[in-house]
Amino acid sequence: MLEGKSKGLFNSENIQKIRELGLITFIIIIGFFVQLRNPSFLSLENINDLIKNTAILSILAAGMMLVIITRGIDLSIGATLALSGMLTAMTVKIYPGLHPILAIFLGMLIGLICGVIIGFFVARTSILPIIATLGMMNVFRGITFLVSGGSWVSAYQMSDGFKNIATGSVFGINNLIFVAIIIYILFYYFVNYTRTGRQVYAVGSNPNSARISGINVSKILCLVYMIMGALAGLSGVLWVSKFASAQSNTAMGYEMTVIASCVVGGVSIAGGRGKVSGLLSGVLLMGLLDNALPLINVSPFWQDAIQGAIILLAVVVSALVKRSVDRKNLMRRVI
Amino acid sequence: EGRYAVIFKSAGNPFGEKLMDGFEKAVKEFGGEAILKAPAEPTAEAQIQMIEQLIAQHVDAIAISANDYDALEPALKKAMRRGIKVVSLDSAVNPDSRDVHINQANPELIGRVEVQAIYEMIGEEGQIAVLSATSQASNQNLWIEWMKKELKKPKYSNVELVKVAYGDDLRDKSVSETEALLKTYPELKGIIAPTTVGIAAAGKVLTDKGLKGEVYLTGLGLPSEMAEYIKNGVCPWMYLWNPIDLGYLGAYAAHALVTGDINGEVGDTFNAGFLGEKEVIQAGEGTEIMLGAPFKFDVVNIDKWKEVY
Amino acid sequence: MENLTSSVEKNISIEREFRTKDFFLQWEWLLLLIFFLIHIINSQLSPYYLNTYTLLDATMTFLDKAFIALPMALVIIFGDIDISVASTVALSSVIMAVAYNAGLPMVLAILLCLFIGLLCGLINGLLIVKFKELSAVIVTLSTMTLYRGIAYIILEDQAAGEFPDWFNFPGWGYIKGIPFILILFALFAVIFLLLLHKTTFGRKVYAIGNNEVASKYSGVKVDKIKVAVFTLAGLMAGVTALFLTSKMGSTRPNIASGYELDVIAMVVLGGVSTSGGKGKIIGVLLAIFIIGFLRYGLGLVNVPDQVILIIVGLLLIVSVMLSNLNKK
Amino acid sequence: MSEYILELKGITKEFPGIKALDDVHFQLKSGEIHALMGENGAGKSTFIKIITGVHQPEQGEIYLKGKKVSINNPNDSKKLGIAAIYQHATSYADLSVTENIFIGHEKIKQRSKRLLWDEMHAEAEKYLNQLGADFSPKTEMKALSVAQQQMVEIAKALSTGARIIIMDEPTASLTKSESEELYQITEKLKDDGTSIIFISHRFEDTYRLADRVTVLRDSRYIGTWNVAEISNEQLIQAMVGREIKQLFPDKKADLGQEVLKIEGLGRMGYFSDISFTLHQGEILGLTGLVGAGRSELCQAIFGITPYEQGKIYFQGEEIKIKHPLDAMELGIGYLPEDRQEQGLILEWGLEKNISLSALDKVSHQGWIDNSKEVDMAQLLAEKLNVKAKTIYDLANSLSGGNQQKVVVAKLLTADLKVIILDEPTKGVDVGAKSAIFEIMSDLAEQGYGIIMVSSEMPEVLGMSDRIIVMREGRITGSFSREEADQETILKAAMKKKVSLKAKNK
């Protein structure tokens, strides 16, 4: 075990740790400057807002991480979110009595169905994820327009119970945050402590060996997109409840933000890699940017460029870190 | 007789839907065929495509609510060369690319009236901020200009406009912008949001943070979206015009142009259905037709209107 | 090398035996079929559709993005993808406008526009080959945000334009009744057709797409080719910027938003497999005109845009599914 | 109840273009160690994959403890208590050692179905220590050397607690000491009543370990003997079917002047301090165990991967090679180890494959001249007796041997001085083998300098004028054709400079 320690430096956890450390320091630095510019940044209220506004992103990112680990990608989540949000809101409008919990499940169900469709295309008809989700993105978005008939569902048409989903709180924790926490606990347990969770990694890491060791690859793929869909559906409900308004163009293009936060969080597009802790730091960075840039009066016109630059920086740095680690591994081989 | 088309900024927007309803209603009245179009995404590119499609259909007139002040010029000019009458409404195109513009409400009036409103709400002194739509929305920018002019008046000496924030007409962005305003300016007492998405988002934030009575909100919003916040007092009152009438007027103006009753010159007058006589007036380089003063929505009338749009 | 092996029996024919089945199972035929179907349907739907004048004008409405589809086909043949093209369009267009307004002669401004596009592409290419760990998706994902961001920094909420009158010729002009954009596109289409199917460069592109490792072992300069192709994509984005800007007579940082997905859809529908190595320019051309005319035709009978959205989405998936089937 | 725990009858398996198994019989007694031998491509691995359900046979039955069973997928065989160590590691590079060991049969808490990491790590640690491996079970798989990865594979098999364990060339990349540890483990398993099928190209393994040996040749069953009763010569006879010498053309090498000179070449982590010279008409055999770094060395010479130390001289003057193209332009060609991954574009026709490395020869100013291309391809393909209908046949429609010939043809498009052949006979059948050997000696007679990387003792001995042996990235022996024999070479290949333990401190 002694050697074990000595070699520990190069095991998977630590490679990740190095990345996350880099990311966290990065975040802290940014936070530090923001704090200088605007003291209200570290106020309890703002922290709360920051997390609350990042909750939905974090939930979506969790699903996206699974998808990306299996070497896939899902461009349709924005549309799925809008669809489930709209349908749920319309249901609530018609049946104001509908219990919030039921509303949530309804949303998740709708998302799940969307996920199943995509999962079917990817796993069974071997259409590449990017195409399948690109196509379904259009379809889901279009359907949302049609069902809504162009009108919105507005605050006054929603029962207070429904609006409270986002505004209410459990033991002092805002529901959004609470839900996110629950999701992440389950998620963490799923990827680290269940067979299926690990099989997701196996499939992404080496699909052929996965088949040889008897993993049902297409089942796993299906599952992954179903989870993604369900989470997108959930997010739809939360979103609509949060802003107390359902529009057909809700969350257009949001998928890119989600993918970005995964990538920044060290989830490898090549598949097989990605840790919850890393993901969280990635999400945090994204949320921080959204929250901080307005606070320090960065001209709105700079925000895109800054985001892009930071994403690029993050991935390049992580690549360099990975290199140095591989190099160390080689040096260990005394030839 | 005649085929009249209207293009709105983007589909799935109640304001637009109502505007198109009004347009259709008018066209039916004078017995033409109405074509209603709206791109899935609010881009000039998409609207150009639609204009070309309408040119190919040899429509008689196009009424458009533009996603870009200048970018439609070549397309609309082409349409006009083909003898198609062009009317812009709600959100204008530059004078060269239209016969006449239908102005929902005098921008000067909008700008000034909103400042006066917030002035009254906050008790005549304190910090105020503006939460606008996308930074390139021509309407909003024009109105904000007028707000600033109004604020120059001595009576506003102790009202301070601290910031113009842009929520890009996105819910999430508008929310974080509003929250940022509240934190950065703890003294803030009023927010003017001359955009339907922004004002609703702001209303939501103020409601959730329980700032009713501390920070006041006004601006331009959809009755349906704002009913909640007008009734809970976060937004004592706000303004908008009636999209149905706007569309309605647009159609009649187009009709007048097609029939040759008017040709968009200053002083031309024509009959606009139940809106009665309307006159073409000068507006900067070009000409426009004024719908009327912005309509005020408050606790009294909101319940009636929230059902409409 | 002459007397390499004692017995050399001539046994390998160089005659391609013609298999009718394979020939007609080609993806392009299906596309051609769809292509004609669409024209038939459209002309049934709208009385205005079927006349050369309308059809020619129709091309003006969708050809601007088609320029990017050509190099994008090459990128996807690699098995890579470039989602930064739309932002590249925005950036080069904005810079062109600003430069012109700053007093640069229009001709030079145009060259600058092309150059900026080329530069953006080059940066993508270099990042991708220098950081093999990063897939093209990540790189172009971040440059997508970055390039458009820069465009915003430059122009903020302003529009730039006021171009000389002759500059709306690219987007709107005709030569002998044929839209200029169509003529130029035809030119580029031929160039890319030859480039991909007749030159060693094209052959190497396919080789890399099929088996990058084997290509390298065979002495193909993989990195050089990759950079070249991504640069090409940037350059063509510049071309698109020219036409789009001319079409709108002015420019804004938010132009061409969402173009990347339209372009990718065209290429994929054209039978270029995102798993790399397969696809023909002819297919892409057909796809461009299929999607273009489909949208146009439906628009002509005023089908709501949302419905068109759905139709195109389904068309994409169904057609790809069909192509997967006929592979088996 | 038969005396055989596992029995296979009349197994036949075909792959596109090749019959990998043809009516093969096999009987495994419970508690015995049974060696399975045969040349490359004889069908051993395929046979194993039949037992483990990776492949399904066209014909034949499988009996377990006398009962007929059907094994349709890896899970079935797992359930039947069969575990296998595959020749080509099937590991998950991104996952930890522990996971690689326990994937598919993780330890989980009964009710909650929760994975018990601590237990798994502990047990993994146990197995690794048994194997004398010293890396932490938490290590990421891709950080391990080939040998170490092989150990994980073994630990994986142990962890399943299977009654039948199959090892496909487990010792191929192990040192003598490591092998010795493996032997002891294997025997311990045997004493516990586990039955073991053991594939190896190394006779010493068989004699040291096995009770009985079954030989396959050209995908056919040859026979089964008690190891005690069969001599080395007889065994080779059975494997190859004739005196080995006949396989190789006897060529009189008249060495010309020196073409290639390597001086102290080194690349961190792969090889170091490599020096040798190559003359015209010389065949230089480069051998060693899998993972010895031979391919890495060749790839460095060919410009695929960079090298940090050392110099390369070509025909006297020093050269710098940064890219394969540089090497090819100088006249150095490389036949890669993995023809399917590195040699060919399987979805392409022969003509395109052959011309790919010489596109400038069949084009002017970048425009491809198809007729030129086809003619060149045809000429070479026929010279090498490639069996194909037309020049447009897809590469993946050819049998392994013919695919290999096509890759050779690619080399001949350029006029080369030096040809490096990495495992040229890997997985090609006997006929193709001798053809390839014939081509090699022809080329040598025409004055090419040839470096042949091979793990196959007989062919190294049969073909080479000089033999260099590598071990863990270093040259551990260099012999002339006369002084070389199985023993000396194996000794050199096993020679240990740094012990694996020391290496990791």
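Per-chain numbering from 1; labels A, B, C and D assigned in written order.
To be clear about the criterion, a residue touches a chain if its C-beta (ideal position, glycine included) is under 8 Å from a C-beta of that chain, and two chains touch if they have at least 3 such contacts.
No experiment lies behind these values; they were computed from the predicted model shown.
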Chains touching both subunit B and subunit C, listed by label: A
Between A-B and A-C, the pair joined by more C-beta contacts: A-C
Farthest chain relative to subunit B (centres taken as mean CA coordinates): D
Intercentroid distance (Cα basis), subunit C paired with subunit A, Å: 31
Between subunit A and subunit B, centroid-to-centroid distance (C-alpha), Å: 36
Whole-Å gap between the CA centroids of subunit C and subunit D: 44
Residues of subunit C engaged with two or more neighbouring chains: 156-157, 258, 304, 306, 309
Set of subunit A residues in contact with two or more other chains: 141-142, 145, 248, 301
Sites on subunit B at which at least two other chains make contact: 11-12, 38, 40-41, 135
All chain pairs that touch each other: A-B, A-C, A-D, B-C, C-D
Residues of subunit C that touch subunit B when the two form their complex: 46, 48-49, 54, 57-58, 60-62, 156-159, 161, 168, 171-172, 244, 246-252, 254-258, 295-296, 299-300, 302, 304-306, 308-309
Contacting residues of subunit A [partner subunit D, same complex]: 1, 3-8, 10-13, 15, 189, 192-195, 198, 201-202, 204-206, 208-209, 212-215, 272-273, 327, 329-335
Complex contacts: residues of subunit A adjacent to subunit B: 38, 40-41, 43, 45-46, 49, 53, 141-142, 144-145, 148-152, 154-157, 167, 239, 242-245, 247-250, 252, 290-291, 294-295, 297, 300-301
In the complex with subunit D, residue positions of subunit C that touch it: 1, 4-5, 7-17, 198-201, 203-204, 207, 210-211, 213-221, 277-278
In the complex with subunit C, residue positions of subunit D that touch it: 302, 304, 323-325, 328, 334, 336, 341-348, 350, 352, 356-357, 359-360, 363, 366-368, 374-375, 378, 381-392, 410, 412, 415, 438-439, 442-443, 446
